[in-house]
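The data blocks that follow each hold one structure.
What follows is a pair of complexes built around chain A, which joins chain B in one and chain C in the other.
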Partner chain A sequence: MAETPTLDERDRGGAGTPLLEARTLTKHFPLGGGAVVRAVDGVDFAVLKGETLGVVGESGCGKSTTARVVMQLIAQDKGEMLFDGEIVGGLSLSLKEYRRQAQMVFQDSYASLNPRLTIEDSIAFGPTVHGVSKQAAILRARDLLLRVGLDPARFAARYPHELSGGQRQRVNIARALALGPRLVILDEAVSALDKSVEAQVLNLLMDLRQEFGLTYIFISHDLNVVRFISDRVMVMYLGEVVEIGPVDELYDDPRHPYTRALLSAMPSMDPDNRTMEAPLAGDPPNPINPPEGCRFHPRCPQAQTVCAKVKPVLATAGEGARQVACHMEVAGSGHSRAPKLEEAA
Partner chain B sequence: MTTLTEAAAPVVAPLAKSPGYWAGVFRRFKTDKVAVGAGIVVLLIILMAIFADYIAPADPTRSSMLRRLRPIGTPGYPLGADELGRDMLSRLIFGARLSLFMGVVPVFIAFVFGSLIGVAAGFFGGKFNTITMRTVDVFYAFPSVLLAIALSGAMGAGIANSLLSLTIVFIPPIARIAESVTTQVRGMDYVEAARASGAGAGTIIRVHVLGNVLGPIFVYATSLISVSMILASGLSFLGLGTKPPTPEWGLMLNTLRTAIYVQPWVAALPGAAIFITSISFNLLSDGLRSAMDVKG
Partner chain C sequence: MTAPLVAQPLVAIENLTVRFRGAQNVHAVNGVSLTLEPGKVLGILGESGSGKSVTLKTLLRLLPESRTDIGGTVQVDGRDVLALNPQDLSDYRGAVTSMIFQDPMLALDPVYTIGEQIAEAIVRHEKIGRKAAMARALELLELVRIPSPERRLKAYPHEMSGGMRQRAMIALALAARPKLLLADEPTTALDATVQIQILLLLRQLQRDLGMGVIFVTHDIGVAVEISDRLAVMYAGQIVETGTVRELLRDPQHPYTKGLLAANLHGARKGERLEAIPGAPPALNEPPASCSFAPRCKHAQERCRAALPPVVTLGEGRLVRCVLAEDALAPA
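Showing the complex of A and B:
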């Protein structure tokens, strides 16, 4: 199991195929009276094999709903997902089989463990569902406890309330790994932990990724943590992807005004490099009635008439791997800061 | 992974078992003096009912026209005699059987069916929940006494019919509690995690839901035992439950009511028995509830 991701025996599409590809994923929650919350609204992204994709954004931007849809805990209204080239829930990849290959770690370490089950029973539950004998599952659980840094002799027979938050989150990680997944979704998995414990768990996650050849989707509101662990970062705003790109490129040179605002809100450690830009004012607009055109335009310092009318699409910007949904990046969009058409040509 | 698995013991060795949840509940319960006292009283009443044949000093149905309505403390009649000269102590001891039976059995049957309905409604939610719970609400809307009397009256007198009507009376409140507790548990991340590992609804309910909801439902049901006893006594009092000469506390209360001016203390005894038993069950369930509530 410690093979490199490209040599994974379950690999079908080869190293070039993304492990997970989401196509126009949409999830609206009806509120009654015709109103809908557009929690996730046409999200496209791909997670490459062996990488960590960080997902950042304000509260309520749809990060967690995206995670739940990707995990298929809630069904999408529109769009589809390809896992290693196969449609999730389709003929060649059933939902049950997909769930063996994709697992999730939740934020609340206490709520995500059954208080009536011992630690080893909690970890062993998943494998038994997939036909592993109880005894083999318990052995696997104890082995995994060891891998996540908990002594099975001390912890296996304990109950969740007897453990600290960091220990419980290690158990949750072990539980997610028990099925031998290829993709692990970490939904604010370290956000509730103390800083020192958070660092330990992050290091553990990095080690496990190496050891088991995992691919992560790492959702967090902590920009520093995302920079530390991610290979690529996806920025979400009001249920849409506004920017996606390699982590250093995106942090050093944010292209979307929202990304810029988000990153400038990060406190700097360097007194000469203080944030001079005004932070974002106000709360994000209501996802029930998102603004017309670009959803960020009411708060955007560079907003112009075109932004209120035309919705920008996610498009490759600059050279290579970056995608941005902003009129300032599209030649001929009508925004005064957009590159000139002849320049682009 | 394989190397480590082989290095581990080949058989699943039992590990030092942690005290666990129920041990904690028991430890907290022990410190609650009132609840322990109530538990002991309940236990004594149950033992009394089981061993009535050995404890009772006299035949509870043997009457004597000469010794009607003797006061408490009469030689040979430690708790007096009733309106037909039967030994009150023996009748109270034997009466515990039917009274306990009518208290526990309807609640237990309602616990099984109410939990089934409530857990299913809570777990599956949506339209199924709406249809099920609104149907339950129709029954819940009636005052329990009225519903019990109406059902018993419609089906006719007799123990079996009052048992059935009491069961029907208790299913709605238990189903409601079961539904609300299950709805809570269903939203927990561990249920989501179980779904994420590909488990079906049946497995999730069995492993993750039942263990977390049956405790609270059970505690609530325990508190209904006293209500059931009182309702059963009420039905007997109205002539819809037990028939004379069978000793049953509610029926005894009814038949002795005419003697309230002659021998008030003797006439009050069945009521006192109902009161002590039901308050003991209530205190016991209160103690269980608080012992189970505490986390950590």
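Showing the complex of A and C:
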């Protein structure tokens, strides 16, 4: 495994420094006429070394825009990112160097491959851009094909249309690994696959994480899959983070009313205990001109006056590993269900 | 004529085969038999290419007839669907059997308002005037619980949100009071919190209107929420049927077991998933042996030599697998 640099060699900040830290990341899309899509609106989060951070939320919550900003496919309007303690695009970590270390796999396995390149050429393309000789890059591509479970002798010279969806997604994963990244962003990467194939690719992702010492950001609408693969989970609503914390704690005891609603919308998988009531009415609102105060307040069953006026900030709740943006968690916030100030002290 | 002693099933499909002709033939459905009692919900569970949607479309004769060979019989509410003449077929569609789809944007006409589309469907099947039809359309929008229905009657599909369009499409499908509603992944494209609203709505409408429903999905969780009985399809065949409880608690076919594992049913964190290896077969030839054998860890010589038997484990509980036969045989 000489060609795979170990985590330690490249580590700059030490084990305690998050691999990625996003600080007030903001991305707005102006629509003209004064309307603005506030796709990502002041998002703070950290991805620890070696963990899988799951990101969940519904259409328009900003999870994919967040991924694209993290990948620097689009530039943020405000905020900054630190990769292993260094500012992305700053003096000590150029954008090009950052992109070697952070890679992405998309949902549409076909659209993300060049239809006129053989799959070994697609996998080898990135390394040649970064100065690896064509010959060495092809050798590495074949090795990677083997690792993602595709026999290079059979598949290396094929074109994307000659592969099934599951096989193409394996190619995309191999391509993402070609530069030896430390962070891989998986944006609905298994969502388009049939369940039996999805399970194979999930197994592959878990194996590769182990083998290459990877850190994942796993974005998905599938709450079951996120629970299975993630160490921590971040819940987004209308461009903001509403809750983030360790996966089992968050699933077993969701604290933000939106997280509770989202989780109780999951089918029960129990014919004797079917879901009897929908947790929310209507569709998720769109992120153009979102409501003042807490963005969830118009749909929140526990909303009070303060929720419409004051925007709750993401703050530590409970034993410390969880952060929630809700007035009910903050002592003295003015919400009747908030802890009393004396108790909190 | 004497009245039949046993209540007639709403749907009776017998040995249905569907083959698409082309440069390469595709044997999409290979001997499907199923029945549905009036007022019951059957979920058909399967992955891409399993033949679940093709089976559903056959019930409305939506497949391109010039390029499709259909064998077997399809009876709905006493009609021989495959033998209907064009006039009878268009009376049948909508009034006896109706359908909702995954993408309401494709099912609704973009240049007519929701009200006009629903009223048109009512006028086609009932002798009532335009005005009365519009009043019925309003009732239907109320039935599917669209907020401010008067206003939505005059809305075009693009003016509505995804969940609302799905409700409008359901209203349209119910316009002529069908006895059988076919649902082809109607919640697959929806967000989680909207999906559960639509599922609960369908469940309630089905109960209130006493409709039979066949609900096709790839999502076990969705199938469990809505179905009384399940049929699992693989490679154009039903491999297992039973009540939701039976299939979930005691799956018999290795494919059903694999599918449950792949849905993380009972999966434990950090452990590898029991994934089914490989991919479904191409269907260029009709199956001569068990279609699942190449991916099955229990496959034996006889699985590859001949079609597996259909083993009856109980009333409406069928499994197409040699293992089930062995289990039944006296020791």
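Operating definition for what follows: the second predicted complex is superposed on the first by the 329 of 345 C-alpha atoms of A that agree within 3 Å, B and C clash if a C-alpha of one lies under 4 Å from a C-alpha of the other, contacts with A are read in each partner's own complex, and residues count from 1 in each chain.
In the analysis below, contacts are C-beta pairs under 8 Å (C-beta built on N, C-alpha and C of every residue); 3 or more make two chains touch, one makes a residue touch a chain.
None of the values given here were measured: they were computed from a predicted structure.
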- prompt: A:Asp272 contacts which: chain B (first), chain C (second), both, neither?
  reply: second
- request: Mind working out whether A:Arg99 is in touch with chain B, chain C, both or neither, as first, second, both or neither?
  value: first
Message: Contacts for A:Ala111 in the overlay, against chain B (first) and chain C (second): which applies, first, second, both or neither?
response: first
Message: Quick check on the superposed pair: does A:Phe29 touch chain B, chain C, both, or neither? Answer first, second, both or neither.
response: neither
- line: In chain A, both chain B and chain C touch residues none
- line: chain A residues touching chain B in their complex are 1-2, 68, 71, 73, 95-96, 99-100, 103-104, 106, 108, 111-118, 122, 125-126, 129-130, 135, 138-140, 142-143, 146-147, 152-153, 156-159, 161-162, 172, 175-176, 178-179
Field: Touching residues on chain C, where the partner in the complex is chain A
entry: 47-48, 147, 161-164, 191-197, 199-200, 218-222, 224-225, 243-245, 248, 258-259, 261-265, 267, 269, 272-277, 279-280, 295
Query: Hey, which residues of chain B end up touching chain A in the complex?
result: 1, 4-5, 8, 11-12, 15-18, 20-21, 188-190, 192-199, 203, 207-208, 211-212, 295-296
Message: For the complex, give me every residue of chain A touching chain C.
response: 58-59, 164, 166, 194-200, 202-203, 206, 221, 223-225, 227-228, 261-262, 265-272, 274-284
